[in-house]
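Here's the structure, in structure tokens; my notes come after.
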């Protein structure tokens, strides 16, 4: 990929636009994203005995619900129906790994939906522990892979999240 | 701060709860958060000549609007009126720095609102350049400082965002 | 129907998921639901002379609008475009009967949308009379019939709402 | 309580209104509501071994989130900040009991918020099992108790939910 | 009023901001706005015999519900609790007059809430008749009067809506 | 067009309905709408030197975001995915001209989406200057043109906005 590619969301006068996708045909799209929450709080310690462990459940559900709100929150994004949203949360000591998969049959990709799901699952985790560890940090929020669409499949080269 | 502090959002059986803040008095609260977007796309190159530079404006507005939706997106958060939301976006080559300030006069803090504003300003930036640089990455999403409330003022010790 | 059928919204580890419907083809779906509000308040008495009778109108509109929000409110539900929403409210003395029809051309059914429309029409009615009759009660909120989809048509055997 | 009391949400011409509460002083309000889901599906069977049991978690979170949306969904309801939302879900064989508590310091009561929380926790449960038991039924959605406000405390006389 | 007054929503560098209202005390605020829908469609003809006349009811409810969403839709607006929303719709032949009153006890005014209520009541009317009269036009959407707040009471000099 | 055409959103008993569009085939639809904001405030004066001119950017983004919320705000409107939303704002002294284009491939038209985009871009502009010019007025909010759908293309005869 070179930097010669245009910013498709910005027209020739520098103005942002929600790109017209009318000419595109709906195709199956899928995107995977991930991020990590770094914290000294031991979320995992709550785990085995606490068969509730609600912060992790809440995070997964917050991610699913946020994915559906992506277009309402990001001006550039097209509203679209989603075929699937999955959010995984793995709570290790000091490091909570989050990943999301989003699928749609649509004219546009679902990259932002997958990133939004991760961001809100992570923010939900942080909301659970911010009183205990206000230094909790969200990092490595990245797109991992996408399939479908005219530009074809794409995968992140480097290992992510690191 | 020690890890002896309880997770206030989780009750003794491990179940998540939206804490009862009825006994608290409303006080002036303020929180500052920040994050960075790392990218090989040169958002700044659009800048001086492009008196629109809409991606940056869109990001600031997306952050402001997302802050108002925090309680709708994060299960633990109390809905609350906000006195102020400010989002700053500084587009350097390869590194876009985002910060947010949120204020309220309320029974609970506005940490999550500030973090949410940063996250969505960053996601809005990423949505502008994801076609050009699908490797764009959001990092160092952290609380920087908070004031007000019973637990008093708090500031992040280490320099952030790094 | 036997209980051997799986809970499709729960995976083999017991984790809730928003099921992937990508392989399904969009088909015409329709669902009918109903419920009753039992109350000693005489909503019907407002009727003939009050050519406004706003509580009933409000209820119908609240049901229509809520149907569109179903996926935002129920974590498992797929967001989808709706072809039609109809809500009927029949105010008898002491018993207000509510029914809803929802249609879509989609990969998933619209059962939850029809139930949500009924629930919110009923809640809107209750909000009109809760000061007069705080004992008002919503009952018999059930799916009545559905058509379309792989599992075929289904109708409730017993008379409902009773 | 007699039926002489006016419908406060309807003016003298029968038109619905969102009542002006400007003259009222904010006071501490609390409301409790409940409902049941009747089903032949054995949600409880998923329980002891499945430390996820996501349908119950999802229901609790759906109820919490819906409570915050009450004013957006019910035309008569005033938007208000909430101090607390708690939703309990007890899954017995064939009968799932749901209750909700909502608190606010406000000019209006939170009865509708508590009822809305119950309704959506129940609908979320139903969405988990509708493929297994389309006859699942929501009943006895009632206000159980309220405290605070000019009209004083109130409790349902009969045992509810029955 | 002179044009020397600053645009309070724009800072010295021309950047939009959601103004910090922390130092302000909550006071009782009220705003009145109005607009007209001009149309050759005879909405009034539906009236006397049609005790439903839903388009007018729908318009009033759409206005009430939109007022609550003002801050979610207008980036500059502070989210706030509303004490009252009233929307009136008078359907004359060829000219439908809409007015709205909004009240709050808050740090900021409710001018935009009243204007938003009128706009959406009018848009709801237009949605009812756009197939019959695509030339329907919304005009004279103006603030009529406001009370409360530091800047004091204000009323529009000219007769409006004309 | 004659007035013999029925109000399609009202059934034979005068009750509003969200029309069933199931039998319709999705086709490419596009609608253009416009309006003006009249004001003595000189928004344009902020322009050349202020490379931010945020009120205009905010207005464009507010219009884009509001278009996506149309069905949530107007009871009659079908929820639908949008292919494109464009909002233009031209700030002249004393007169700000707003236009919007919305496209979808759907069973229903996007007239209301285009009108909603204009209305909210205009309201966002008004929110920027209401403190300076409370007499600011929104006028000539009209549909300009639509293409696609069974009823065919349509264009406003008179010059609009005037």
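Annotations for the structure displayed:
Chains here go by letter, A, B, C, D, E and F, matching the order in which they are written, and residues are numbered from 1 within each.
Here is the rule we go by: contacts are C-beta pairs under 8 Å (C-beta built on N, C-alpha and C of every residue); 3 or more make two chains touch, one makes a residue touch a chain.
All figures in this text were calculated on a predicted structure; none of them were measured in a lab.
Between the contact lists of subunit D and subunit E, the overlap consists of B, C.
Note: the chain lying farthest from subunit F is D, by mean C-alpha position. Farthest from subunit E in terms of Cα centroid separation is A.
Each chain gets one centre point, the mean of its Cα atoms, and the points for subunit B and subunit C are 37 Å apart. Work out the mean CA point of subunit B and of subunit F, and you get 32 Å between them. Multi-chain contact residues, meaning those touching two or more other chains, occur in subunit D at positions 15-16, 51-54, 57-58, 60-61, 65, 69, 72, 75, 81. By the definition given earlier, chain contacts exist for A-B, A-C, A-D, A-F, B-D, B-E, B-F, C-D, C-E, C-F, D-E, E-F. Residues 28, 30, 60-61, 64-65, 68-69, 81-86, 103, 105 of subunit F are the ones that touch subunit A when the two sit in their complex.
On subunit F, the positions that touch subunit E within their shared complex are 1, 3, 5-10, 13-16, 35, 40-42, 46, 49-55, 57-58, 61-62, 65-66, 69, 72-77, 111-112, 115-116, 119-120, 122-124, 126-143, 146, 151, 154, 156-157. Those residues of subunit E that touch subunit B in the shared complex are 15-22, 71-72, 75, 78-81, 106-107.
Taken together, the subunit F residues at the contact with subunit B in this complex read 51-54, 57-58, 60-61, 65.
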